[in-house]
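Pasting in a structure now, in structure tokens, and then I'll have a few things to ask.
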Amino acid sequence: MDIKVNVRDHDGQRPCSIVDLNGEIDVYTSPKVKEAIMGLIDSGHYALVINLENVRYIDSTGLGVLIGGLKRVREHSGAVNLVCTNPQIKKIFDITGLVKIFGIYESEAAACENL
Amino acid sequence: MREPLTLEPTLSDDGLVELRIPSRAEWVGVARLAIAGIASRLQFSIEDIEDLKLAVAEACTNCIQHASESDSIAISCRIQADKLVVTVEDSGQAANHASLAPKQLGEPKVGGLGVFLIRSLMDDVEYELNPGSGTRLTMTKFLRT
Amino acid sequence: MREPLTLEPTLSDDGLVELRIPSRAEWVGVARLAIAGIASRLQFSIEDIEDLKLAVAEACTNCIQHASESDSIAISCRIQADKLVVTVEDSGQAANHASLAPKQLGEPKVGGLGVFLIRSLMDDVEYELNPGSGTRLTMTKFLRT
Amino acid sequence: MDIKVNVRDHDGQRPCSIVDLNGEIDVYTSPKVKEAIMGLIDSGHYALVINLENVRYIDSTGLGVLIGGLKRVREHSGAVNLVCTNPQIKKIFDITGLVKIFGIYESEAAACENL
């Protein structure tokens, strides 16, 4: 029922920061995720890949954090791509129409390349 | 290698499981675990179990974030032969009807997805607003066989 | 590689989580899941979480097997700064003091391990017998820091 | 929260039946385990290895089933060995003193050899 957050730098065609999330993102844990993502953006990182491969659960507060991050980086012409392989979590992005605003990829490599 | 034995469920219907948690973010995970246990006992599919977890958690999250002055959340699960009926109830300031109505999603914004998800994931959703005595959400998921 | 962030618990004490299940074998697993969730939220060790699961489940099993005429089991978990106090209560025929007393194990036999395990796994165990209104078990596990 | 039971024949120095249990053994699931073990004994199998490697949880009703099985095979000069690697479950056998009446082994091979 907890979340682990880890941030890595990635040197690719377009350098970016990769945020690894591991656990469950809900009303209790999403403030931690928000802090990490907003902190990253506020320190000048506007190209983000958020890896949800190890996220077993996400709720609307978690989606809100991702949307908030996307809005913030766009103010700086940045981008956010997601890595998501869990069908249950993909379904939530489908239902809410968020598939249309996030780039969602099956692998980290694809998410980085298409940033 | 003999025939493997598997467990046949021996559920009778109309059981009632009740849970009360403090109206605080750290306890929503416990509600999620309990509902997952109930739903898996009833042989809901993995997808339906996830739907139930999310719907119940969204309901609890709304109690925590919007029902001011409510100190606890009451969750009841009525087990029937073909469905699970879950109520989530707080005792805070009641919601208003407009904010709970079914709606289409517009531009993505940071809030406003909770009620939409509940309505999308459950088969039947009903809100009762009791001025001064909180919001009561009753939601049903049918067992697909 | 930056410093990994981990979640700091922000628990306030004296929260109360309550669960009521039908007095039937198939629901004990739900009680176990709920207590595991509560205990892990309180940062009990994995071993202590397993102890709590087993103690609560043994208590429920006894309500189901011995408290005739009780149709439900009430479990309450009071969260305090340094401990978790769990009560398990039925409304059936009350137990008798002799059968609940601490005892040494003799020759292994098929029954008679439940109360022994509860007393072994928890830090403090108290039974209250209410003739005509069931058995109430209060058990405490301290948080080791 | 369920249990799977599977029975295999094992041809070793002393032929035996191996009962694989997978899941949680509690007041709800132990009747199924009892049925399998007692059925096996009643059909003349008195040398049993019960493999608990995939058992995540056992309560006193589960212990009762194992003790009942042991008593029954002993009436026919049989034996029951257990395979148990989970420290939490070993602890329950320790606390209850059942380590003294069951042969408990870390591997199926050892449990079969020492039957």
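Should a chain be cited, it is by its letter among A, B, C and D, assigned in written order, with residues numbered from 1 in that chain.
Keep this in mind: contacts are C-beta pairs under 8 Å (C-beta built on N, C-alpha and C of every residue); 3 or more make two chains touch, one makes a residue touch a chain.
Everything numeric in this text was worked out from a predicted model, so none of it was measured.
K.L.:
Going by the touch criterion stated earlier, list every chain that contacts subunit B and also contacts subunit C.
P.N.:
Chains touching both subunit B and subunit C: A, D.
K.L.:
Comparing the two chain pairs, does A-C have more C-beta contacts than A-B, or is it the other way round?
P.N.:
A-B
K.L.:
Taking the mean of the C-alpha atoms as each chain's centre, how many Å separate subunit A from subunit D?
P.N.:
47
K.L.:
Report the inter-centroid distance (CA atoms only) between subunit C and subunit D in whole Å.
P.N.:
26
K.L.:
Could you state the distance in Å from the CA-based centre of subunit A to that of subunit C?
P.N.:
Computed from C-alpha means, the inter-chain centre distance equals 39 Å.
K.L.:
Multi-chain contacts in subunit C: which residues touch at least two other chains?
P.N.:
26, 29-30, 32-33, 37, 41 - these are the residues of subunit C that touch more than one other chain.
K.L.:
Please list all residues of subunit A that touch 2 or more other chains.
P.N.:
Each of 1 in subunit A touches at least two other chains.
K.L.:
Testing understanding: with touching defined as stated, what is the shape of the graph linking the protein chains, line, ring, star, complete or other?
P.N.:
Per interface graph, the chains form some other shape.
K.L.:
What pairs of chains are touching here?
P.N.:
Pairs of chains that touch one another: A-B, A-C, B-C, B-D, C-D.
K.L.:
So in the complex, the part of subunit C that touches subunit A is made up of which residues?
P.N.:
Residues 1-2, 4-7, 37, 40-41.
K.L.:
Spell out the residues on subunit C that touch subunit B in their complex, using ranges where they run on.
P.N.:
9-12, 15-22, 24, 26-27, 29-30, 32-34, 36-38, 41, 72
K.L.:
Help me check something: in the complex, which residues belonging to subunit D touch subunit C?
P.N.:
For subunit D paired with subunit C, touching residues are 1, 24, 26-28, 57, 59-61, 63-64, 67-68, 71, 88, 91-92, 95-98, 101.
K.L.:
If you look only at subunit C, which of its residues touch subunit D in the complex?
P.N.:
25-26, 28-30, 32-33, 46-47, 50, 53-54, 57-58, 60-61, 64-65, 105, 108-111, 113-114, 116-117, 120-121
K.L.:
Which bits of subunit A are touching subunit C when the two form their complex?
P.N.:
1-8, 29, 32, 35-36
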